[in-house]
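I am attaching a structure below and will ask some questions about it afterwards.
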Amino acid sequence: MVDKIIIENLSLQYSDGTESLRNISMGIPQNAVTVLFGPAGGGKSTLLRCLNRLNDLTEIKASSGRILMDGENILDPKTDVIALRRRVGMVFARPVTLPMSIRENIIYGLELAGEKRKSKLDEAVERSLKLSAIWDEIKDRLDEPASALSGGQQQRVCLARVIALQPEVILLDEPTSGLDPISTGKVEAALFELKKEYTVILVPHSVQQAARTADHAAFFLTGELIEYADGKNLFTNPKQKKTEDYVMGRFG
Amino acid sequence: MEKSLSWPEFIITRLIQSSGYSAILFVALIFFFLLREGLPALGEVDISSLLNFRWYPIESYFGILPLISGSLIVTLGAALIAVPFGIGTAVYISEVAPRWMREILKPLVELLGGLPSVVLGFLGILVLAPFLRVFLNLPTGLTAFTGSLLLGGIAVPTVVSVAEDALDSVPRAYREGAWALGATRWQTIWRVTLPAAKSGVLTAVMLGVGRAIGETMTVMMVTGNAPVLATGLGSLFAPVRTMTATIAAEMGEVANGSTHYHVLFFIGIVLFIISLIVNVIASSVVFRAKKRAERILS
Amino acid sequence: MKLFAQNRHIVQRLGFIAITIMALVTVLPIIGTVAFILMKGGSAISLEFLSGFPHDGMRTGGILPAIIGTLYLTLGTALFSVPLGIAAAIYLSEYARDNQLTRLIRLAIINLAGIPSVVYGLFGLGLFVLFLKFGTSILAASLTLSIMTLPVIISTSEEALRAVPQAFRTVSISLGATRWQTISRIILKEALPGILTGIILGLERAAGETAPILFTGAAFFLPQLPHSPFDATMALPYHLFVISTQVPEMPIQIQYGTALVLLVFVLTMNVIATVIRSRARAKRQW
């Protein structure tokens, strides 16, 4: 097992004093689903947003530590963040399709990256929509506005939009929190396909989803990494009292 | 942060940034050129003669007190009209009017804000002044009062839109709380909503007054252009001359660089500083209110 | 107790009536003014009036040079204030951090909005006409009007930009877009109706202004149309001022006709702005 990403002593605090990370160290293996879970405000989303430097948009008071991706520290100020964000795609909690057609949504990132050949773009649209299990539903409606789709469909278009860029890592921040169980099932099924090619990091919207999807699981509480283990072990046999309490539903 | 900016993007970002800063540059430029053309007046005319009661430039009398008093009395009259009617209309639109009425009233008030002041001045001369002369039995209809009436109309849209914004931003929960305690909607407006929106309403009044002091064409056309010191309420029904009208009426006639020219610019400095003070106060009221709201919410 | 409760409702009833009357007193004169000028000025409108030059010391003939002049001034104003205003709005909405400098910029914009129009005239005279030696010209007048219009365009455009959901920005950035790509491909497109509304409202004000152009570009009477940006020009608002105060024995028809043309010019812009805004509100998907 190779670690795609290695996080070393990462600490971070927002300038308004909210949610922060305290001395996080962990390795995230390639071609697996790593789940970051825990109660709200624990730092999971913050950590996720460090991995594609989306935190650059927010006011940060202080940060220290390193995040190595393929051995390179992506927190280095010299990092090309645009290139990084193409390598590390992200799906958000609320499905946000851009105000354009489905097709344009999918090829948005590719066009920005300079891809102009129509054949390549069409190929990417089909491939990514198939991988996110929505091709059959919408293949005849690609030129309709994406906002006309249902929430579950929009979220899978968002996933396809990320896949189209052929990233190396896919971050998912509670991607199914607003979806019905059927759509949730489709997204989770897509994850199992995705991890064959990509490194997947998921913040689940429930402990159940964490248990269903995790190859590896990390439990976060108020900015600290409490326990990090193999998915099977962590849910059935947690080492830490806090993890056990949370997994058993005693708080959170 | 974003080191990988390509050079077109770098240039665009810089252009946008400097456009943002340009507002500061323009205010500074305006002040600088007013000073440059207006300060020499102080070398050419004694301060004591500037602060005098006689404005008669042909004989080198440059007393600006009649002009200041003219501006004050016309503005005061305008405020007496614009403040109650402006706030009343804002309360009506935001708290009382049914939705369809609101949809009609808001664009109409906006329309009033867009009417060229010269059109109002024109109607003032042809319609309002003759009417007031007969109705109030005055020797002339071109008086400070005529100017106040029209200026009131010009200031109203400012007062309405700012006050309405302030009322709108009062959380609905405040009103519901008052209703739950058995207050009528009328009581709620006076004892809860308006007090809660106090600072915004104050800003509305300030900005309305600022608009009235600065208005030029209408007052020049309808106030009779007599630079006489306004001494009391009686002056409201006599011709006056405001600072703005004096500049507008006389700048076209003076030789560049003459004392008269410098004094007109000096009046411009006075107007600039008045508007600066009004706007700084108005916006600091808003800022403070915002900060308080943020504290309460967080 | 019951009597008391009834009293309160009578007070409320009376209060609502009073405040309704106040609103009507505020609004009805607007309708009256517009209707009155439409009525009185209508008979003056003819092809000759709209397409001819003034004759006999402006007592007969048309107002073409004033109409053309106002068009020139409005376009000239747009040329400077639109790009600058939109760029400044983009800066404030998309780039500026909440710090002292930004607060200073906002204060400057508020102050620009509050400076009396005649003071803009003085400034234009001092900077553009005399210092930069543009002379009394369309260029000097347009530049003066531009700076006066700027705060309207900036504040309405900024509001329109801020109304675009933050999520679009985050998503676009996360897909590898730069800030400017996000703005130019998504944010500007979505904010366009609001920005357009602001531009038109700003230009509407510029088109109707007299004081800023009095000593920077307006001419009492010109026998021909201006040939270059360095020529002075006639303009509708100034022309109305001239014929209603400076020319003795001016036929009342022509005065009302001129007022009507100016009013229609300004109202058309106002209506276009209102239509754009309400259409965009109905159409938008977020």
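Structure notes:
Letters A, B and C mark the chains in the order given here, with residues in each chain numbered from 1 onward.
Going forward, a contact is a pair of C-beta atoms (placed from the backbone, for glycine too) under 8 Å apart; a residue touches a chain by one contact, two chains touch by 3 or more.
In this text the structure is predicted, and so the values were computed from the model without any measurement.
Chain C has the C-alpha centroid lying closest to the overall centroid of all protein C-alpha atoms shown. Chain centres here are means of the Cα atoms, and by that rule the chain farthest away from chain B is A. Look at where the CA atoms of chain B average out and do the same for chain C: the two points lie 16 Å apart. Chain A and chain C have centres, each the mean of its CA atoms, that are 48 Å apart.
Here the CA centre of chain A is 54 Å from the CA centre of chain B. Shared interface positions of chain B, i.e. residues touching 2 or more other chains, are given as 2. In chain C, 178, 181 are the positions where the chain touches two or more neighbouring chains simultaneously. Counting partners per residue, chain A has 82-83 as the residues that reach two or more other chains.
Per the touch definition, chain C reaches chain B in the complex via residues 8-9, 11-12, 15-16, 19-20, 22-23, 25-27, 29-31, 33-34, 36-37, 83-84, 87-88, 90-92, 94-96, 103-123, 125-127, 130-131, 147, 150-151, 154, 178-181, 201, 204-205, 207-211, 214-215, 237-238, 240-241, 244-245, 252, 255, 259, 262-263, 266-267, 269-270, 274. Interface of chain B with chain C (complex): residues 2, 5, 9, 12-13, 15-17, 19-24, 26-27, 29-30, 33-34, 36-37, 84-86, 88-89, 91-93, 96-97, 105, 107-112, 114-123, 125-127, 153, 156, 160, 184-187, 207, 210-211, 213-217, 221, 244, 247-248, 251-252, 256, 264-265, 268, 271-272, 275-276, 278-280, 282-283, 287. Within the complex formed with chain A, the residues of chain C that make contact are 97, 165, 167-178, 181, 185-186, 189-190, 285-286. Note for the complex: chain A touches chain C at residues 52, 54, 57, 59, 82-83, 85-86, 89-90, 92, 94, 96, 98-99, 108-109, 112-113, 145, 147, 158, 161-162, 165.
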